[in-house]
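Okay, so chain A shows up in both of these, paired with chain B first and chain C after.
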Partner chain A sequence: MSGHPGNRGEHVVGEHVVIVGASLTGLHAAEALRGGGFAGRVTLVGAEPHPPYDRPSLSKRVLAGRMSADSTGLPQRQDLDAHWRLGNAAVALDRDTKTLTLDDGTALGFDKLLIATGTRARRWPDTAEAALTGVLSIRTRDDALELQARLAARPRRVLVIGAGFVGSEVASVCRELDLDVTVVERSAAPLAGALGQWAGAAAGRLQRGHGVDLRTETSVLALEGDADGRLRRVRLSDGDVLDVDVAVVALGAVRNVEWLAGSGLAIDARGVQCDPFCRAVDTDGRPCDDILVAGDVACWPHPLYEGLLAVEHWDNAVRQARVAATTILHGAVRAHTALPTFWSNQFGVNIKVVGVPGRADQVAVLQGSVERAAFVAAYGRGGRIIGALAVNTPRALDAYAEMISSRMSFPPDLNAADAPDPIRVLDLAVPAAG
Partner chain B sequence: MSKSTGVDSRPVSVSDVSTPRAELFARVLDPASRANPYPIYAALRSEPVSRQSDGTWVVSGFDEIAALLHDPRISSDLRNAGQPAGGQSLIMQDPPNHDRLRAAVMGRFTPEVVESLRQGVHDLVAGLLDAAGPGTRLDLVEEIAYPLPVSVICKLLGIPPQDEARFHGWADTLARTLDLDPTMSREEQDAIDHAFTELHHYLENLVADRAEHRGDDLVSGLLTGGDHGEPLRGEELLITVRLLLIAGHETTVNLITNGMLTLLRHPDILERFRHEPDLVVPMVEELVRYEPSVQFRYRAALADIEIAGTTIPRGSVVVLLLAAGSRDPGHFTDPDRFVPDRLPNEHFGFGGGIHYCIGAPLARMEAQIVLPELVRRLVNPRLTMDPPPYRPTAALRGPRHLWVEVDGVRP
Partner chain C sequence: MRVMVDLARCQSYGQCVFAAPEIFEISGREVLEYDSAPSDEWRLHLERARAACPVQAITIGPAAGPGKDDGQPSTVRPAADSMGVLR
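Let's turn to the complex of A and B:
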């Protein structure tokens, strides 16, 4: 890879950039390439038949029937001038010949490849039970449409398996629609993986206060159907058997990396490994100049966090896509060091998060009050602030992002006007890094 | 038509490099700098967080202002910096009390309420311009910009038309309380105290009346409460209503006046605007960036704050020089040029963070109505004095008069 900002265009004219994954990351990378003056060919390969659309609203407004799935399409630049291969999944990569194979047998040559295949919903492990009518995931537009229709048909009870952000948002929509909902979570609290036990316990109180039948430290033993293959009942580890017509499997995401088997790239459960410039790393640890990775499928070293970071959020997809485009255009000049940040709306509460609270060993509320459901909590690890959670106080988070970036000590001395008195620092179970 | 770029024609005593950096903010406060403070801001920005010789810290860089507007270590209650209490209105308070009062106002000052005032603003503007004709010399401040916002606020609050004149007087006097001005004379202070007392009594009676006879006005709304706001009562309600009057008045006067001044200094853009009425939306936004009514706000540091390679000590008075941030070349291309369709235009003209201007939608609407009407109806307007005389206050900056000569006023 050659080139610097001064003479871009010369070496890239005529080049062919193939982007595998036609969602938020792929679209933003293509736009950033064109915005940066790239005049070569751009091909976007997408396994889904739909043009790029926005996923965050699927588990919120679309599900509640307040927004149509058709209106989730992402706006596109007029001058994208890309070749679209929608409805075609990539099935193999040959790095030596720089060729991609699609599921219809097409071989696609490239000069530069961006891997942005993202993730898919983790399926219910029992295939027979997973095949029952009424057992659903929510990841795609089609998933959201089907679930929205099933909720609109007013099922007797909805079962949500897994109380992460997606599961909790689905439960929130169910309550908004005045549907009975049972949430089953194996750990001690909802959202605990991302936000720790302390915030998880508060989220649990919120859910129960909104009428969710929340069952923590509980597992689904079996999903049972009728003779027509329709879901009818769920058998739980607490001994209860509940009548349910719909089960939403919200057990997190799986990286779409299988098609890269044998490619020689470094891949594990966290995704495709890349360097801070989005260059894929091979199994010998060498970065590849011509193969880049961005979005949910990527994991990379972040200067503020140990090990590799994998981030499945909207904001990261957009930012990392732009970094990947910069590397394609100009080489390794701009590192991806943005802090992870994401938001959620559930049970009438706005949740905003920056940093990586899930890795913290301590937490403290620094502003507001948990009882009044308006507060900011900071998360620390090893005496440094590494994350923050803002509940119904979204404007506060920029300041905390700055504290995290500048590696302020934890708890930071803010003396905020709305600080609790005294500030209590709670210890959290230390999660493993990376 | 000789002046096509007004910026450069203004007297600039500026780069008088002999002013030590630690004295620059004193020059900002000096009324002699009022016509063009921007070169002083540029000099300040070379050190975006700058300690002044009187111990205040002036923040003039875009990024630094953005960070501090959101920083929990920054307080709007200046008692935290050893200053006297600045009043109990929500702009001088911190969370959680600020949040509670703001939610009460936001719950009632909705987009629908603003929209419901639109026709009234049109009618007021038409009436003021009708009254201004047929002379050939107008003071746009006295005849248009000054009366309009008070009348709009009176409509919002449900003040009977016969009482509006008294509100004009109070608003005029009380606007000065938004400045932290140590040079204020005894007479001025007495006048302010007197206006406060009179307004207070008036509002007490108004509130008592609305408590008995609820209407669809804002005072009745605040008494009732809303989805997210609890009802306001007693002193808090009076103080909040008074704030809406003061904060919504002179800021809007200045927006309108600065807007016309800027257009008259850019005849090419004025001409373009005549043919491109849709320009008004981005143009008003650019006006708020380029000539903001609110130039700076004071804050207090609640803890030591490390920023831009320095540390603002706990207990310091901090000046957020918003107007300097909105002209930071690190954030805006060609920041000293008036670009009516500038995009993106993320400025500090309405502040930022938890204190972001509640009245911004109303101010935008008023400016978007009055500026096109002035341009349409005034025949060949010319500035008769440039720069015009300014009001003395530095934080709230705007002309005292804006005299224009016209060949007539179209019907």
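Let's turn to the complex of A and C:
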């Protein structure tokens, strides 16, 4: 069956690229297509009513009330001459006919498809408790607006469930607003999943130093509401019952892949699998030339790391979008091999991460001092450096990225002027490769 | 007008702060903050900041999204084929 539009009449000019997901990845892919001279049609399909906006500021300045949700709209570098279908979700993909079905019943044909549907916040598992007024998560502009309004109304206490990056940033904003906040984390330390136990312990001291009631190795047993369905109390596994008006569920993200059920693409909890050129891989392991994947929804093989990588990083979304656009324009000529890079700002501290510290079996501070909250820690696995964490030392990180890319042995011999003496290498619990 | 700083790349050098103090500031020790929707009167300062950034982390442009004329038939709007599929 010919899905090619080339001879379908006067409306048809060149190829039709459809991008599903009109956020960071979708925008940057469209820009890269036009920047690369693509003259065909570009359609952006986005489930949210908003044009692309900046999510990282949601849990930071927007929540603090220092930035309006409207100002989060992202700039575009050039005229995209695109057709936008905002407020429209894709609900099915038929690869044989190269057609998408949208939630309003529209059938949308494509020559090339970019899957950029990202993730959504994992919901609180108890549906009745999740439905209580005051139980929120933060992934979208609308989420951030609602939470910001609730914080501005000065609740008695805010509960944050989960001490990953987003949960920790929310706790930071609560303290900035001088609100009482309890953070409940099932593991032994905040940020431990991404940065390991040792850095997690340092993050825990930072949080407590800023007045956060941080409860690690603790879980939420129940969220309790009043007769009007408003959150009133939380029951914790440590036996405490706290009065809270707001609970922020920060239990991580779930990939938006349900709409691809039955498409024959290789998909699991890590996302939609693709090859280094961002081509989606089908369940037989074959890459599809016409279906690309990028951003938070993608998982892919990286030359430096075992298995597949799946990250939720702003930087990866932008870079992978550009690789996908290159593949659309020129075929499989440019592999996505960038090192994962991430930043977070919380409690007045600049955190930058490169590589994959979460997979390390050892860590060592190589520069600066943890006590003075300015240091670089390197992470190793199997005797080579695989990641680095820079706290309030953003300019140091490029050198570590170089070491990671060149597979330098761990701990690297730096002789840095500000190195601690002696350098102590700590063992970390070995996580499974992804 | 919208501004976006690639904070993965930004090294908190602060050159942008010197060029456009109305828009950029370093808060805490190393945290760059900025006004992402400044008024057009700062355009010149912004351009200066963008040029001064040693790692080219600053993007300036109009807000992304459908333009005023979206929804009108245009060269980029898909058209239905004989099967009713927008192509």
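Rule of thumb we're sticking to: the second predicted complex is superposed on the first by the 419 of 434 C-alpha atoms of A that agree within 3 Å, B and C clash if a C-alpha of one lies under 4 Å from a C-alpha of the other, contacts with A are read in each partner's own complex, and residues count from 1 in each chain.
What we mean here is this: a residue touches a chain if its C-beta (ideal position, glycine included) is under 8 Å from a C-beta of that chain, and two chains touch if they have at least 3 such contacts.
Here the structure is a predicted model, which is why all the values come from computation and not from measurement.
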After superposition on the shared chain, which partner residues are touched by A:395: those of chain B (first), chain C (second), both, or neither? both
I'd like to know which partner A:413 touches here: chain B for first, chain C for second, both or neither. first
Touch test for A:366: chain B only (first), chain C only (second), both, or neither? first
Return first, second, both or neither, reflecting whether A:75 touches chain B, chain C, both chains, or no partner chain. second
Based on the superposed arrangement, let me know which partner A:286 touches: chain B (first), chain C (second), both, or neither? neither
Partner chain in contact with A:54 - chain B first, chain C second, else both or neither: second
With both structures fitted on chain A, tell me whether chain B or chain C touches more of chain A's residues. C
Taking the superposition on A as described, I'd like to know which of chain B and chain C A:374 touches: first, second, both or neither. both
Kindly list the residues of chain A that each of chain B and chain C touches, one partner per complex. 374, 393, 395
Over in the complex, which chain C residues touch chain A? Could you list them? 1-4, 6-13, 27-31, 33, 35-37, 59-66, 70, 74-79, 81, 83-87
Residue numbers of chain A touching chain C in their complex, please. 5, 8-9, 11-13, 16, 27, 41-43, 50-52, 54, 56-57, 61, 67-68, 70-78, 80-84, 86, 97, 99, 106-109, 313-315, 318, 341-343, 345, 348-350, 352, 373-374, 392-395
The residues of chain A that touch chain B in their complex are 366-369, 372, 374, 376, 393, 395-399, 402, 406, 413-419
Chain B contacts chain A in the complex at 66-67, 70-73, 75, 77, 80, 94-96, 99, 302-304, 306, 314, 353-354
